[in-house]
Each structure stands twice: as C-alpha cells, then as structure tokens.
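All chains are identified by letter, namely A, B, C, D, E, F, G, H, I and J, in their written order; residue positions are counted from 1 within each chain.
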Amino acid sequence: MLYLVRMDVNLPHDMPATQADDIKAREKAYAQDLQRQGKWVHLYRVVGEYANYSVFDVESNDELHTLLSGLPLFPYMKIHVTPLARHPSSIR
Amino acid sequence: MLYLVRMDVNLPHDMPATQADDIKAREKAYAQDLQRQGKWVHLYRVVGEYANYSVFDVESNDELHTLLSGLPLFPYMKIHVTPLARHPSSIR
Amino acid sequence: MLYLVRMDVNLPHDMPATQADDIKAREKAYAQDLQRQGKWVHLYRVVGEYANYSVFDVESNDELHTLLSGLPLFPYMKIHVTPLARHPSSIR
Amino acid sequence: MLYLVRMDVNLPHDMPATQADDIKAREKAYAQDLQRQGKWVHLYRVVGEYANYSVFDVESNDELHTLLSGLPLFPYMKIHVTPLARHPSSIR
Amino acid sequence: MLYLVRMDVNLPHDMPATQADDIKAREKAYAQDLQRQGKWVHLYRVVGEYANYSVFDVESNDELHTLLSGLPLFPYMKIHVTPLARHPSSIR
Amino acid sequence: MLYLVRMDVNLPHDMPATQADDIKAREKAYAQDLQRQGKWVHLYRVVGEYANYSVFDVESNDELHTLLSGLPLFPYMKIHVTPLARHPSSIR
Amino acid sequence: MLYLVRMDVNLPHDMPATQADDIKAREKAYAQDLQRQGKWVHLYRVVGEYANYSVFDVESNDELHTLLSGLPLFPYMKIHVTPLARHPSSIR
Amino acid sequence: MLYLVRMDVNLPHDMPATQADDIKAREKAYAQDLQRQGKWVHLYRVVGEYANYSVFDVESNDELHTLLSGLPLFPYMKIHVTPLARHPSSIR
Amino acid sequence: MLYLVRMDVNLPHDMPATQADDIKAREKAYAQDLQRQGKWVHLYRVVGEYANYSVFDVESNDELHTLLSGLPLFPYMKIHVTPLARHPSSIR
Amino acid sequence: MLYLVRMDVNLPHDMPATQADDIKAREKAYAQDLQRQGKWVHLYRVVGEYANYSVFDVESNDELHTLLSGLPLFPYMKIHVTPLARHPSSIR
C-alpha cells in the first residue's frame, strides 16, 4: 500500500555540529535500511530545499506511523502524508 | 531528470458525457503511451480525489512542458510541478 | 484501518430539484449500506455547513478510494482524507 | 454533544527530557481518565505527525473548554475545535 | 450556550431579482423571529461586505445546525461556526 | 461604534511564572475596568484556544487602538480587528 | 476617521458591454462625487490588477458601509476594510 | 526600472475557439511588439501551467499598468506584480 | 511614483528595553525626516496591531528599497510593497 | 535550462555581527562567481525585503540543487524553485 510523504527538516541553528552530524548519520542509516527492506521505495530531494518527497510501501497506516515516528530527525521535521491508490491509467 | 507533478481535474458539470468520455479515453491512451516510453514513470491516484501525483523522467523543463500541455485534459486541470534531485541517502 | 474523511458538497444552483433529490436519495442509501457493513463507522454533520466528517474502517487505500469515488455526490464534492493510526494513549 | 478536536503538539527542543516525560505521563493519565468517563470518545493519531484527531462528548462548550485547557500539554499545543451535529444519513 | 457565526452571502448574478427579493424577505423574517426568541442574540454587518458576524445562544450543536440550515439563504452562504465559552475575565 | 476583535495570546515558554501571573492579573483588571465602562461589551473565550473574541463599543478607530495597545498582554498577542455596522435585519 | 479599503472587481464575462459600460460610468460618477465631498480621500490603482486601494474619511463604521454598499460595482467586488488610527510618528 | 510579473490565464471553457484564437493571436503580437521595444525584457513559461513569469523594464508604475491593462488577455488573467531593485551582489 | 507599503514589527521579547527604545527613537526621527522631504507621504497605524500602512512617493524602485532597507527597524519588520498607478476615476 | 528561484533570508538576531558579515561576504563571492560562469543569469532584489528573485541557467535539476545547497546562506534561507520553459511568444 503506497503513500506519498513530504518531509521538511528544520534543525535548530544552535544545535552543536557534532549532535547534528550524529542525528544525520543515524537518519541516513535508518533510511537506507528501510529502502533495502523495500518499505521506503522512493526518496527524492526537493530542489533548493532541505526537504524530500518519498514513497512508502507498507502494510498499514499503523506501520507507516511507526516507521516515520522512529526517524532520528522526526522531532525536527514537518511531515505530511498523502495516501495513494492505483490509478486506472497506470500500466503497472 | 525527475519531477513530481500533481494534477487536479475539474471537468465542467455541463460538459456532455460523450465529450467527457472522449477526452478521458484520449487522456488514458496518451498517459499509457508516455508510460511505455519511460517518460511518465509513476502515476498514482490521490485517495478520495479526482487527482494524481506523478513522477516524470524527461530531458528538460521544455520537454516536460510539452508533454503536460499536450494532455487532452490539460485545459481542465490545475497542475503543479516540483523539480526533484538525487537524495544523498537514496540507495539507487 | 482507519481514515478521517472530510467531504464538502457543492451542488450547482442550476441543477433541477428532481435530479438533486435523486442524487441525495442514492447518496443516503449508499452511505447507510456502507455503515451497515461496518466500513463507514462514523458520519457527523459539520455544524452550519453542507459538509461532514467521517471515519472509515477499510482494508486498504485502494478500497477507500473505490468507496469514495463511488459516492453519488462524488462529482460535486471536495474530499480530503487523513490516514489515522492507533494512539498510544487510547484505551481501546 | 459531539466535537471534533485536532491537537498539534510542539514541545520546545530545549525542554529537559525529564520535564517532557513528566508532562507526557500526566497527559496520558488525564486522557485515559477522560476516556473512561466517556467524555473523550475517540483518540486517533494522525499518521506521520505529533498530532491527534479526537471526538469529545460533553454537555456544553464550557465543559469542553475546561477539559481541553486542563490538558498538561495545553500550553504546548495548537488546538482547533469543530462542533458536530447528527447527520441525517447516519444510522445511529 | 454561545457560538460566533460568520456568514458570507454569494447570490448568483443571474438569479432573477424577484426570486432574490423573495429569499431576502424570508431571510429577514426568519432572522427577526429567531432574534425575538432570544436564540440569535447579536447580528452585525461586516463593513464593506455582504456578510455578517452573529452570536447564537442555543441548547446544543444540533439545534444550531437546524437553525442555520433552515436559513432561506443557506444554499447561497459560506458559514463558519466557532464555539464560545465563558471568559474568566468577563464580568457577566 | 462596534468592532469585533480577535486576540490570540502567545506567552514565551521561558517567561518566569511570577512575571506571567503579574501580566495576567493586570490584564484581567484592565479588561474588567473597560467592561464596567461599557467599552468592552462582550468578551468570549474561543473553545480550546488561549484566545478570545470580543466586541468593543468606542467613539473612534483611534480610541480603539489606544485601548488595545494599552493591554498588558499586547506585546504577546496577535490581534485582528473587524469594523461592524448595523445590520438591516437586526431588531435592535 | 480613516479606513484603508481594497476593492477587487470581477465582472462576469457574459455581461453585455452596454450594461458593463453603464455600471462603470455610474461607478465613476459616484466615486468622483464622494471624492469632491472629501469622504473618499485617496483612490489608487493597483498596478496590473482590476483593483484599487482607497482611503476613506468618514464619521463612522455605519457611514462607511452605507457608502461602500451603494457602489454601483458593489455586487461585483470583493472588498476588505482595515480601520486606521493616527501613527505616533506621523507629522500630520 | 524592473518588475517581475506573473500572469495566470483562465479562458472560459465556453468561449468559441475562433474568439479565443483571435485573442491569443493579438496577445502574441502585442507581447512581441513590447519585447522588440525593450519593455518586456523576459517572457518565460511556467512549466505545466498556462502561466508566465515576465520581467518588464519601464519608466514608471503608470507605464507598467498601461502596458498590462492593454493586454488582449487582460480580462482573463490574474496578474501579480513585484517591484525589483538592483541587488548589491549582482555583477551587472 | 506611489507605492503602498505595509510594515509589521516584531521585536524579540528578550531585547533590552534601552536597545528597543534607541531603535524606536531612531526610527521615529528617520520616518519624520522622510515625511518632511515629501517621500513618505502617508503613515497610518493599523488599529490593534504593531503595524502600519504607508504611502511613499519616490523616483524609482531602487530609491524605495534604499529608503526601506535603511529603516532602523528593518531587521525586525516584515514588509510588503504594492506599486500604485493613477486611477482613472481619481479627481487628482 | 532555466529556473526562477526566490530566496528569503532570515538570519537569527543573536548571530554575532562578525559571523554574519563573514557569511554575507562569502555569499557575495559565491554569487558573483556563479554569475561570471553564466549559471546565475539574473539576480534581483525584491523591493523592501531581504529577499531576491533569481534566474538560473543550468544543465539539470541536480546541478541546480548542488549550487543552491552550497550557498553560504543556505541554512538561513527559505528557497522556492519554479522550472521555466520557452514561451511561444518570446522573440528570443
């Protein structure tokens, strides 16, 4: 089941660089692990912004919330989720 | 080069059904042809709305505008385009 | 799986009353059938507006889109869907 | 009398973890107590957000304000209330 | 129980003047009747707009919806309702 | 001459409680004094929010600005003023 | 007493030219008469839009509403009024 | 003196094709004439929309309004103007 | 050449009073000097807000930006500029 | 390939002046270098705001994101990108 997710990151300017680097490193590992599992199927950077559009493929709303709220950057992001359905003109 | 595109369709309520059906049939053929060419890489329905989120893979801004403005439903749609870049955490 | 859905109805003022009455009667039957099936679990009127907030319990995003796009009033409504998850403080 | 309430939580990033944990624990106890009393009838997590949609069943606007303004997280939330009425197509 | 209600009127430009006059006359009688009953306690014109802010004093959300949806201008208005509570600094 | 005023309060989370209490006490005294003078004719709490809708009856725009900018909470509020006129359907 | 007023004109595209011309001629005469009376003190065109920003100097909210609602273009305009006060740094 | 101008075109769906073609042909001639005069210095299509971003170089606000309000498509466009100044980091 | 300018002031709550007073005193002197020069032709307070609407009469966009960016309060203000043209119904 | 980019700068008020000056000096050098390379083709100040509208001419979405995210002011800016295409009425 697919969802489009937009994430906008806002790190506080006074966060120490080492803390920020640590969070970003954990975020990257977390994101790549979910991609390898086939749950985070697309991850695109929005040009010019510290933001991404992503597509998730999960079993349920609950699974998606668990994945998103576990993101190391979760406390510093604004997230918006749009549920997707099969489009009748899609050839897939 | 990737772009996220959202399209919201608003057909006038007084359009004759045969005209609407004809436009939709041509839209579907057009969309499937571009998908087969690999230019319209994802086509998702927004749940509960007469709208879609799509991902296009084209050579340039100009090519994307040519493809979108050629849509049979183009005069009846509100379209918003977001350019995408490679995300550093993407495993692709 | 639960979703909050807001529906705002906008019937054209020039729709003949008999046509409007027919659509509304079919909408009511459709809504009550889905309630009896346990899929449309709550249906609330927004005070002062020709609109409702509803909660649906369905198997998937696709099922929800099929149900919503089959509403007799679908061509005359603006619909917004919010996916819901279990809240950790809920006692249910 | 029913109301739909959306609550968005914004805890300051510099709040000490022990203080945040204490507020959240008290919030949970408060929420569960009101659920057991039948006043907070539904509590749903918004997928991907530190937010909830809730339905309250209370005697009056004043009672609802008293309950909401007593929430331990009240100073850190943006709350929006929508009054609900019985829908003529509801089977309840 | 008090509610603030804003109503914005949009009559179609092609409505015949006699029909518009009839609706407005019925609206006025309806509004004055509710004022005399003490349910529509304040009715103010928004300066420069075909709109009003009103305060209603009713028993319940359901009663308010019944009153508002019975307005002769209801099909031509955008209405927004804000529930009000007693303010601790009010001397009333 | 009547005006509808909406005030939304945002006290900084790091303001010492004694300072906040002092401001609120002065705000309450100020509001009650204006109510007794007949200038602040209605003061309603917005349900679920640290906000109010009020109606003022003053001689001029200048007098209203003087009263509002003198509020002890003025530096911490977002205020929006809507001028009101007599409504032709009002029975007052 | 001063007010800033923004007016945006939206004439229906199917209004006959003679009717539109008549309304515009009456609007111009009306506007110039109020300017000569000193009530409509400034009338500026917004560059690129069929809109104006104006300053009115009137006795009361009621007088302003009477003047604005009497505009021949009133049924075809969106109007927003902002009450103004003397600025402490103004040299007038 | 430079201005950024965004123009969004909305032709009524029921406008006869010959009338639309005539307006568009006149618009094109008008636009190209102003470009040759050096007044309309840039004209860009917004990808996916019937809209443009343009830069004008004119003597005054009044000249810009005269040029824009003379556009054959002016009655069918939403136009927004942003005045521009020299940027201190520009090498021009 | 005329421009409507709206300025909204947001001084940080933790700015020392002496610093704030100094900035405001310099702002006042600056504003009055420009008024005496005939460049800042109107300066109105927005009722209930720490904001003003002003009309400037300058030679060019560049001159206006130079004047506005030189305001002592410039780093603490949100400013929006609307270019104005002569209105055909103005009697001036 | 052209893009319109709007950048709004928000430097924290508590950033030391030397740090701010250093960032701005590096930003200016960076911007002028890209202008000399022909990639940052227009750079305009928005009148009255600490903001610019710019036109970039780059090979791809990815190149644009690399350039923008490398701006010394990037962590302190809100950036919005609009892809542009050739306009059929442009004489270039």
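Here is the rule we go by: a contact is a pair of C-beta atoms (placed from the backbone, for glycine too) under 8 Å apart; a residue touches a chain by one contact, two chains touch by 3 or more.
Per UniProt, the chains are A, B, C, D, E, F, G, H, I, J = Muconolactone Delta-isomerase.
What you see is a predicted model; the values in this text were computed from it and never measured.
Participant: If you check the contacts of subunit D (Muconolactone Delta-isomerase) and subunit J (Muconolactone Delta-isomerase), which chains show up for both?
Facilitator: A chain counts here if it touches both subunit D (Muconolactone Delta-isomerase) and subunit J (Muconolactone Delta-isomerase), which gives A.
Participant: Please compute the angle of the rotation superposing subunit B (Muconolactone Delta-isomerase) on subunit F (Muconolactone Delta-isomerase) (C-alpha atoms), rounded to a multiple of 5 degrees.
Facilitator: When the C-alpha atoms are superposed, subunit B (Muconolactone Delta-isomerase) turns by 180 degrees onto subunit F (Muconolactone Delta-isomerase).
Participant: Would you say A-B or C-E is joined by more C-beta pairs in contact?
Facilitator: Higher C-beta contact count between the two pairs: A-B.
Participant: So the centre of each chain is just the mean of its C-alpha atoms; given that, what is the distance between subunit B (Muconolactone Delta-isomerase) and subunit E (Muconolactone Delta-isomerase) in Å?
Facilitator: 43
Participant: Just give me the whole-number Å value for how far the CA centre of subunit F (Muconolactone Delta-isomerase) lies from that of subunit G (Muconolactone Delta-isomerase).
Facilitator: Here the centre of subunit G (Muconolactone Delta-isomerase) sits 29 Å away from the centre of subunit F (Muconolactone Delta-isomerase).
Participant: Which subunit E (Muconolactone Delta-isomerase) residues touch at least two other chains?
Facilitator: 2-3, 45, 47, 61, 64-65, 81, 83-86, in rising order.
Participant: How do the chains pair up in terms of touching? List each pair.
Facilitator: So, checking each combination of chains, I get A-B, A-C, A-D, A-J, B-C, B-H, B-J, C-D, C-E, D-E, D-F, E-F, E-G, F-G, F-I, G-H, G-I, H-I, H-J, I-J as the touching pairs.
Participant: Under the touch definition given earlier, write down the residues of subunit B (Muconolactone Delta-isomerase) that touch subunit H (Muconolactone Delta-isomerase) in their complex.
Facilitator: The touching residues are 3, 5, 12, 15, 61, 64-65, 68-69, 75-76, 79-81.
Participant: Hey, which residues of subunit A (Muconolactone Delta-isomerase) end up touching subunit J (Muconolactone Delta-isomerase) in the complex?
Facilitator: Its residues touching subunit J (Muconolactone Delta-isomerase) are 13, 45, 47-50.
Participant: Flag every residue of subunit E (Muconolactone Delta-isomerase) that touches subunit F (Muconolactone Delta-isomerase) in the complex, lowest number first.
Facilitator: Against subunit F (Muconolactone Delta-isomerase), subunit E (Muconolactone Delta-isomerase) makes touches at 2, 4, 27-28, 31-32, 35-36, 42-47, 52-53, 55, 82-91.
Participant: Which part of subunit E (Muconolactone Delta-isomerase) faces subunit D (Muconolactone Delta-isomerase) closely enough to touch in the complex?
Facilitator: Residues 1-3, 60-62, 64-66, 81, 83-86.
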